[in-house]
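So that we are looking at the same thing, I have put the structure below in structure tokens.
Should a chain be cited, it is by its letter among A, B and C, assigned in written order, with residues numbered from 1 in that chain.
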Amino acid sequence: MRRVLEGSHAVSHAVELARVKVISAYPITPQTHIVERLAELVADGVLDARFIRVESEHSAMAAVIGAASAGARSFTASSSHGLALMHEMLHWAAGARLPIVMAEVNRAMGPGWNIWADQTDSLSQRDTGWMQLYCEDVQEVLDTILIAYKLAERVSLPAMVVLDAFFLSHTYEPVEVPDQDEVDAFLPAWEPTEILDPSDPRAFNQLASPEYYMEFRYKIQQAMEEALRAHDEIDAEFGQRFGRSYGAVRRIPCREGERAPLALVTTGSVTGTARVAQATLREKGTDVDVVKLKLFRPFPHEEVRRVLGPYERVVVLDRNISFGSGGIFAGEIRAALAGLDRRPRVYPFVAGLGGRDITPQTIESIVARALGDEPPADILWEGLKL
Amino acid sequence: MPIELPVHERMYSGHLACPGCGAAIAMRFLLKGLGEKAILSIPACCWSIIGGPFPYTALQVPVLHTAFETGGAVASGIRAALDARGDTETQVVTWAGDGGTFDIGLQSLSGAAERNENILYVCYDNEAYMNTGVQSSGATPTGAWTTTTPTGSPKPTRKKDIMQIMAAHRIPYAATASIAYPEDMVRKVQKAVSLKGTKFLHVYAPCPTGWKVPSEISVKLARLAVQTRIFPLYEVEDGVRYTINLEPVGYLVDEYYRTQGRFKHLTREDLDRIQAQVDENWERLKALARIG
Amino acid sequence: MSPVTFRSVRDLPPMSRSADTMLWNRTGSWRFLRPRYQDKVAPCAEGCPAAEDIARVQILLGQGDFEAAWLRIREENPLPGVCGRVCYHPCEEACNRGEYDDPVTVNSLERFLADHAWKLGLTPPPPEPAAGGGRVAVVGAGPAGLAAAHFLRRLGHEVDLFDARDEPGGLLRYGIPEYRLPMDALAWEVGLILNDGVRFHGNRRLGGDLTWDELSGYDAVFLAAGTWKPAPLGAEGEEHARDGLALLEAIRRGETPEVSGKVAVIGGGNTAMDVARSLLRLGAEPVVYYRRRLQDMPALPEEIHEAREEGIPFQTLLAPKRIEPLPQGGFRLVLTTMEILEEDEGGRPRVVPSGHPDVEVEVDAVVTAIGAGPSEGVPAEVAGGGGLVSEGLHLKRIAPEGEWADRPPVFVGGDLVNDRKAVVTAIASGKEAALVIDARLRGRDAASIWPSIRVGRRGGVSMNRYLGGDRAAQQDHVVRYDELNTIYFRFQERRERPRITLEERRTGFDEVKMRISASLALKESERCFHCGQCDQCDNCYLFCPDVSVLRDLRAGTREINYDYCKGCGVCVVECPRNAMVLEEEPR
């Protein structure tokens, strides 16, 4: 069924379709529409779930950890400071191997207060053991929630579905909402074996000495590696069932069957802007291939090398910054490419922090700089008031 | 009179508690009071260690070890999951230390209590961060030595009144209990289990190691705390109806303080001041019980 | 050390979660102190001259096993029915409960157990045949002789029990009135002793037809003939006074002595009380005259109290000076008024004539009850006391000198030698005699055994210990009140046994003290602290932080699991009755 949905509500309805049993959340702009709708769905009996309105994001994550530990498919949503407050428990969820799914609305970290789009919040959680899937549009948001549950439950790791503040969370788009039956077929009920059960009383998450801690970490890494393969499989299955698939890394060529001299790597809603800029540039005579990166954790090193390796130049557009280093995606991509004998020249652009617009013109400017005589650098700022 | 308690035993020998550990005794009594179906959530505390490392457990109930400040929330989540699959019988119990309750976990506990989550939250109080090496907590009493309130500057302020805090949430049931009064404690656990909503038990559990006392007087100290009125046994229903369960003998606080290394620096004046605090608290409690 | 090990990461679960219990972790290795169950001596047991294991008796009583409790008493005393009525119960004075509220009514509980056995006709198991026994003559079938005969039989000896009177019982039968010790109760208990194979020979008076030649044919002799010869009053005309003991004997024999009207009873001991109260019951008007004050009377306070309750007047600080027959019948009793000279520390005060005018009363009869000495026929060495050597706490022996050197050893006990002339001290004499004779006949040195069988530092000797019973494992430490954890006890009123009405008491010889019900006995027994004796209260089990007290609920036993016990000592401190010890861990 085709409906016009706000990005936040696309999340809510995906959660409904996933038959989530426990939701716990604490309000933070711009996540609020997600959980408000979920509260209504639960209150109206549309969604048979428990909604725990906790007193903080830390408790939200703790609550879904408790729920998932007891075997319930669980969901939370947060953003920015809320996510940062959850940080400790993100580690806990992953270490406990709980397939919790969270919608994370990319928002800038303070101070000063800033509620607008910025990826630094989610990327700061890079090392927590959560999978991170970035979405381009509202349809992808809805689909990715479903994919994320299947993936998380397959590999026993939590997953973060990331969408940009306002550009996605508060934007209405026409969306194909799948039927419940179809979703049920794709995503059957979660039947975990390692749960809290009085008839099989075990302790979970107890002290792991140096004798075993490293092995548990190895297993998380293994699960992440498995998740790369699993994501592709699940994405493909989703495509077969619903006619839409996204890939971990997707090349959007300027001209089908050809390779442009420059690849522009984007994440999140900027990909949509890049598609517009790509068309404009082509009209102006500049061919640029767009490469959309969806999966950040696990990081698709091999795929990145395969897709980006042949290019002469690669522009990475980061709406985030790791202070003292640079754009975070750029850093990861450069690391992935480092092993190649012949490497593309990488242009690491930082733009659009704190919700500043990244327009097609912004992208055109970046492409011009990369194709021009821009000297190599570890970080390149675009749109900075100099 | 022999003490009558349920015979079932859900704690194994071989756990890692120090000799004479009040928290280990308290756990036994909790488990005796709980029915067959129970799940424990244990935020960071001595019991994170006592229960044993991977791949072991010292308890015959499921345990979810969790982060320090999550006692209220994790239990809420477990409860929600059980409710979601129609299991209303299994009791969800948080078992937290005083640090995890009075301090870092207070917010999460308050949240759970405000929502009136159907959980039993038990704080075993040994009056400092013992697991990390006896640092002062909000539960540390006036005048006590800890590693962060050294004898030159012992804890200047009062112990936080967690019972008043919990009562202020108007939860159906809050009660104090002591390892020296097992029947009382087990009865309170059983009563808590029979009630819906958030139940809070504040259990006095001496720590011989941290209090600098011989291990054999662990229970005796808990008893003295009650009999000196330092830690009276009482219940609060719906946050307002106070019942004092045991009329203490009313020994002077000296009886309790003088046996403990953590208080040995206290002067006569200090003890008089502490006695005055205890008397004041007791009068206040009696007044509340009269109103209730 | 740990039983579950994972060699490969492949075998590990996905997250840290348990696959086994902590039972592999033998925390007993942490221990440097070791708790142990250790029964000790309750003060009542030390206080009892017969060394009854009272605390254990109360435990058994409390468990409802009345027969076992009764048999437990009989291990040390074959006359609980008698003692439960007439004992001066020093156990109750020693009772730690006295410091808490009031002592346990041990005496009435003892009678309860005996009466229970009597009512049900219970019989103790017969004595085990023992090899190597000897032949022993016991002279005097009072409490000392009966006790000696009983224990000697139990120890495997042949016993001939001689008595001057026709029936056994001695003072119990012929000196204590029916209202204190009913004949049928006595007869049942004496019967149990004789049923063990004791050969009783009545009407065999020492110095009469019972000769030392005959007695010399035995391997040993125990002489416990008692004191029946009235002490001289030392007053002019004392030949006009009647002997109180003879009067009591006559009444016990069913005679009705011709006494009526106002009768002066001279004395302040139990016999004086017995005489006065018996006279009252016969319809006379007794008045007790005593040379000291009321509080100086050697009679049991309870006896004095009951006599006064019954309305018997007491005149004190009056000493008989002269008894004059009156022409119209009756007597004039002249009494010297006395005064207290000085208060002796602990002893009775000395009295001297006050110098005030004498007191004269006219009475129908004067009866003396001022004490008695050995009868004729008791050897001078005994009567004078000079020829005796000490053999125990309540036992002497005629020094084997002169003619006695060639005779079998003659041990002397009961009222003949005891400072405190009481039934229970007589029983203690008899038990000691049996022990010493047994040891001697079996070639053991009684003196070396003595320390191990004596209960506490001041108590009597225990037959159970002598025979290597469970009391031998007791630590010989008498538990003090401050060694108890009294928080586990509750204040409970002492329950005195009920008595018949005053009217009934004044007019007949029915037993004054009534039997108590089982429920009352159980309630009163609950008050016992069981000092030093494990009564399975389970505090040790309950408070163990390490679940290291193992119980066998069926067997009613518990033991410490030293595999896990960390030696914290909480069990020892929380034991309400000090039945545990904490010792250094042996290395």
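Throughout what follows, a residue touches a chain if its C-beta (ideal position, glycine included) is under 8 Å from a C-beta of that chain, and two chains touch if they have at least 3 such contacts.
Computed from a prediction, not measured in an experiment: that's the story for all the values here.
Asks: If you tally the C-beta contacts for A-B and for A-C, which one comes out higher?
Replies: Taking the two pairs in turn, the one with more contacts turns out to be A-B.
Asks: Taking every chain's C-alpha mean, which one sits closest to the mean of all protein C-alpha atoms?
Replies: Here the chain at the core of the arrangement is B.
Asks: In whole angstrom, what separates the CA-based centres of chain B and chain C?
Replies: That pair's centroid distance is 51 Å.
Asks: If you average the CA atoms of chain A and of chain B, how far apart do the two points sit, in angstrom?
Replies: About 43 Å, centre to centre.
Asks: Between chain A and chain C, what distance separates the C-alpha centroids? Give it in angstrom.
Replies: Measuring from centre to centre gives 91 Å for this pair.
Asks: Which chain A residues touch at least two other chains?
Replies: 202-208, 212 - these are the residues of chain A that touch more than one other chain.
Asks: Two-or-more-chain contact residues of chain B, please, as numbers and ranges.
Replies: Residues 51-52, 54-57 of chain B touch two or more partner chains.
Asks: Give the residues of chain C touching no fewer than two other chains, as numbers and ranges.
Replies: Residues 6, 13, 16-19 of chain C touch two or more partner chains.
Asks: So in the complex, the part of chain B that touches chain C is made up of which residues?
Replies: Answer in residue numbers: 1-3, 5, 7, 9, 11-22, 24-25, 28, 51-52, 54-58, 179, 182, 208, 214-220, 223, 227.
Asks: Could you pull out which chain A residues touch chain B in their complex?
Replies: The contact residues of chain A facing chain B are 21-22, 24, 48-50, 52-56, 58-60, 62-72, 74, 88-89, 92, 196-198, 200-209, 212.
Asks: Using the touch rule from the top, collect the residues of chain C that touch chain A in their complex.
Replies: 6, 9, 12-19
Asks: Residue numbers of chain B touching chain A in their complex, please.
Replies: Per the stated touch rule, the residues are 36-39, 41, 48-49, 51-57, 59-67, 69-70, 72-85, 90, 107-108, 110-111, 114-115, 117.
Asks: Within their complex, state which residues of chain C touch chain B.
Replies: Listed in rising order, the residues are 2, 4, 6, 13, 16-27, 30-31, 485, 487-490, 526, 536-539, 542-548, 553, 561, 563-564, 566-570, 572-574, 582.
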